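Both complexes below contain chain A, partnered by chain B and then by chain C.
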Partner chain A sequence: MTIASTTPDTTDMTPSNLGPLRSKASYWLIAPGVIWMTLFLVVPLGMMVYVSFWSQTTFKIEPILTTKSWETFFSSDTYLNALWTTIRIWLLVLLSTFVVGYPTALFVGLFVKNKTLATTLLVLCVIPFWTSFLIRVLAWRPMLGKEGAINIILQALHITREPIEALLFTELSVIIGMTQIYCVFMVGPIAFMLGRIDPNVIEAARDLGASFWRIFRTIILPLSMPGVIVGGIFVSVMVLGEFATAAALSGRKVNMLGNIIVTQVGSLKWAFAAVVGVILTILMGVVVAGFLRIVDLKREL
Partner chain B sequence: MQTTFIKPVLGVYTALFLLFLYGPFVVLGILSFQIGPNGGPQFPIIEWSTYWYQHVFGLTPPSRIAPLPIYEGLARSLTLAFMTMIVSTVLGVMSAQAFRTKFKGSDVVFYLIVLGMMVPGVLVGLGLALVANSVGIDRTWWSTAFVLHVVYTFPFAFLVMLAIFNRFDPSVEEAAWSLGVSPIKTFRKVTFPLIFPGVLSAMLFAFTLSYDEFSRTLFASGRDLTLPLAIYGTFSIEIHPNIFAFGVLTTLFSFALLAVYAILMTVSLRRAKRLAIQEDA
Partner chain C sequence: MADVLRIEGLGKSYGSKPALRDVSLAVADNEYVSLLGPSGSGKTVLLQLIAGFELPDRGRILFDGSDIASVPAHERGIGFVFQNFALFPHLSVYDNIGFGLVNRQSDPVTDPVVLSSRIREMVELVGLSGLEDRGVHQISGGQRQRVALARTLVSQPRIVLLDEPLGALDANLRTRMRGELRRIRSQLGITFLHVTGSETEALAMGDRIVVLNEGMIGQVDTPDIVYNSPLSPNVAHSLNCYNLFTGSIQSSSFLAGTHRFPLNGTLHPNPTPAYAIRQDLISVRPGNASLASSEVALTATYLASEYTGAAFMYFFRAEDGHIVEVENHLSHRAAQNLDVNATYQLVWKADDALVYG
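Moving on to the complex of A and B:
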């Protein structure tokens, strides 16, 4: 699923004079989709910004403009901690999905010459996505628990004597779970970019005596960067908006901005939830813009 | 050559990576066969049994463990996924068809649509809940949650259809027009059969994404829970192997769906090929 291969620029735009109705028809065809997205996506997001400036009383909100909810956010340790937790978990998961995913992408995209095998491996990576997201999260509980599979295996192999309790209901379990759930979004785009590297370039470098490490550093890694960026954007957007994994695998101890929104909505603090929502949106916008600055995707893909 | 040992190392790594991806499911699958009702959701397996599968279907005698509250949720989720699938696919085909001719503002529209799949569920969910509150509409799974499901799945359907139209040969349509066939009839008789494999993929995407959708639904649906919400509700209390058994069953259901898709796909591709051969002849 690469966005760039389907951008409007690359579509066949030749207007056909045999279909006189088509250019006018375009607007009629696109109108329902645009209206739907405006009403149910743009308006709600705008509403969120607007409501973040409303007055919050105990159980309801009133459209009297104030910055009080914003002041509460920036003066509360709990909320600033949640912001910091979100950023920390995002960076750690981004790093771990990259480190865990890159070698696999390297193998599938560059080393497997057989197209069928490469496709099979990628399909194997995608199959877990055919099960429910919540079941994928839950599946980590019996893995990581005190009497979980990992502890049993570690003890059976005499690597550890006592079960490691820090595996479940900690920040570590959240990061392990998110890495497994999201690393495929890293593997896919990177493998795609690696697959497009001309083997002759690597062959030429090797003939000139370059070591594998040097080839990797100067050819493979730079050419795979657009894939890393696309993967990074996917992972970032999904991790920043997370709350379910954090809640289910940390025993509600790790609170990300998403978790704060859920709790605030639960206690009808709508204006406050809106403030957190706007902060999350800004954070995401900055992250995505930052990624897009590193690599000009439109040119590279 | 150094690469001779790098390749097997990466191969072994990839195998371990797949183990990492699949490990939790295997463990979940094994534990779903724990004895009940006293066996817990952990090792060791005291005795192998299908107790928890019977428990999911309500075939066991009543015990201290309450049955999973999934049946109403399942019916709602299937209905919702079906509604979402129809609307998303129709919108996706229409929008992608519109993109075949250049129109003013197409860039903006493209990003507007793609935004729907990128914006996290918490944000749109919260936003729509705020809109519904201030307009005074009740939030239900078939109204507010439904429109958000379409916001989420329509971009997928759109991108799939865009990719299909990219590889589409417009000369067959032009032939139909030059013979005086109306554009609508041309679409029905010529274009649609040719893009049908893409439509199937768009439908599959929309259905499964909606069926499994959780974060948008959490905020946008009211008191009546969909299946993922019902499952999420069980997380906060003590978990039992019945939820593992349910996980295995729902995974099997997804694979069944995939199999139906594969069969329909093969049939429609075969038909498209036969049509192409007739044209050549």
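Moving on to the complex of A and C:
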């Protein structure tokens, strides 16, 4: 008897009875997000595309449609070079964050057995973000400069005779700086995926006679690929849109698309800035879509 | 039969806590041994020592007569089937089974024809034909179990260690896989060492049962001998079908709290005196029924029952608070109408009881 009387209560609690509720009222939950994103993301992006076809004179911009700004971009070596610089720096930073980040993630995610310690180590990776960007850039100059710490040490140890000038205000310094800033975005997702690998799976591979290198290549690396992809997307989106690090560490010698936008907006060339903005957005879209093609994230996560 | 595995005086501690103390065991070629123990009995530790995932503090492990202490896990010729299967989640059934052959350091199989024929042979043996190209998430739990087994068997180990292999399966699948495991093993003629916490599984599977208690071996024998005459109260407890009373032996009786049970002939030597009576050898009678001279009775209050399909379990509380369980097989005796909180006599033959002391 008691069982029979409690049955209706328990069925009321099941998720399937949330059905009618979910279909109507629950849509209101996403309304603020949708409104916000439409007003402040979709509409401005649409505006950007529209403005890129406006007519630009020295001090004025008029809504008369023209492709002049687009022609300027694709016929100028300066701008195409900026596009190429952006792609080159992106690829190099992507590679260096992977090379620096993957072993770190491997250590944190796989070799640190204590979960609390692993979390602590990941938090340590974030500590650089507790200092302001400006202060870090300021700190790199006495480090990387012609008479900076690295050059002084190298010379004191008689490894080099002349100071290495390439360390600061070059593309190298931009890449060093960006790797430092964005590495953590690579480490996090990879460490997360590595942490989810069942230790018994690795033990099983070892028991079947595979060497560590084999296990890494056939088990660990494929299973951590979704993390690499997510980390790669994070780093790519941030590096492609970069301008501050490039400007500060190259002494404005390295111009990425982001720097072009800053300059053009500064001189009130809105139409042209919009062209560069559209190109940058398309580039990011292609890169993200490319990453997502490599691994089926929906299946892996 | 020759012993393929001999364990001599094996001991292992973690910190000051001994997980395994002085375990000695001989396992024959072509034998199914089930290792029964509750959690914390050291059964998993024993398995890991044999596999080589852990090193013993004391004692020797002999494989085919030679000490394998210094032999790394994968060169021992011992297969290991993990409790949660530990399949490679990104590989197909085929690639999972072939992993060891392709990727092992010593003597990998590089000829694709040989590889394919060995994998197919194994796929057929474990009954996975037609599923070779599926991912391991696209198959059922029982099929995953077969993949785990095939992955180990394909390397042709002499012994396979199975760590609670049926624990992750649901009940009706578990019964089917028991038969499958026995069939596969006898077809290959190799030795299985099957660790389990379930007494029914241990009894059903093993040619012999090893009962492990608190890091020591309690008994090694065939299932019927272990079931009918457990060597110690601990072994009886592991079997989960005995009512156990602790107490002391005084002249011709066993004193358990306020109860006094007359003794029969045999006394099993044991440091802690105990009195054991199997749950299905007890009958329930009204409080005023008379006893035959060969019978022992215990007055107890009826608490509750549990229907298990083929049987009823009755729960009683004796005068000193001891809970006594009685199993009533329905094929054997009809269900009894018992009143909650009423007093009954639990009666058994003195000869049926096992007395340790």
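The definition used in the following text is that the second predicted complex is superposed on the first by the 268 of 301 C-alpha atoms of A that agree within 3 Å, B and C clash if a C-alpha of one lies under 4 Å from a C-alpha of the other, contacts with A are read in each partner's own complex, and residues count from 1 in each chain.
Heads up, the rule we're going with is that a residue touches a chain if its C-beta (ideal position, glycine included) is under 8 Å from a C-beta of that chain, and two chains touch if they have at least 3 such contacts.
The structure displayed is predicted, hence computed values, not measured ones.
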{"item": "Which superposed partner A:A274 touches (first chain B, second chain C, both, neither)", "value": "first"}
{"item": "Chain B versus chain C as contact partner of A:G266, first or second or both or neither", "value": "neither"}
{"item": "Comparing the two partners chain B and chain C, which touches a greater set of residues in chain A", "value": "B"}
{"item": "First, second, both or neither for A:L223, with chain B first and chain C second", "value": "second"}
{"item": "First (chain B), second (chain C), both or neither touched by A:D207", "value": "second"}
{"item": "Which of chain B and chain C A:D198 touches, first, second, both or neither", "value": "second"}
{"item": "Common interface positions of chain A, toward chain B and toward chain C", "value": "206, 211"}
{"item": "Residues of chain A that touch chain B when the two form their complex", "value": "1, 3, 5-8, 10-16, 18-19, 21-23, 25-27, 29-30, 32-34, 36-48, 51, 63, 100-101, 103-104, 106-108, 111, 121, 124-125, 128, 130-136, 138-143, 145, 147-149, 152, 180, 184, 206, 211-212, 237-238, 240-244, 247-248, 258, 261-262, 265, 270, 273-274, 277, 280-281, 284"}
{"item": "For the chain C and chain A complex, residues of the former touching the latter", "value": "51, 53, 73-75, 79-80, 82-84, 86-90, 99-100, 103-106, 151-152, 155"}
{"item": "Chain C partner contacts - residues on chain A that touch it in the complex", "value": "198, 200-201, 203-211, 214-215, 218-219, 222-223"}
{"item": "Partner chain A, residues of chain B touching it in the complex", "value": "1-3, 6-7, 10-11, 13-14, 17-18, 20-25, 27-28, 31, 41-43, 91-92, 94-95, 97-103, 106-107, 109-110, 112-116, 118-124, 126-131, 133-134, 147-148, 150-151, 154, 158-159, 162-163, 165-166, 168, 170, 173-174, 177-178, 183, 208, 212, 214-215, 218-219, 228, 231-232, 235, 239, 243-244, 246-247, 250-251, 254-255, 258"}
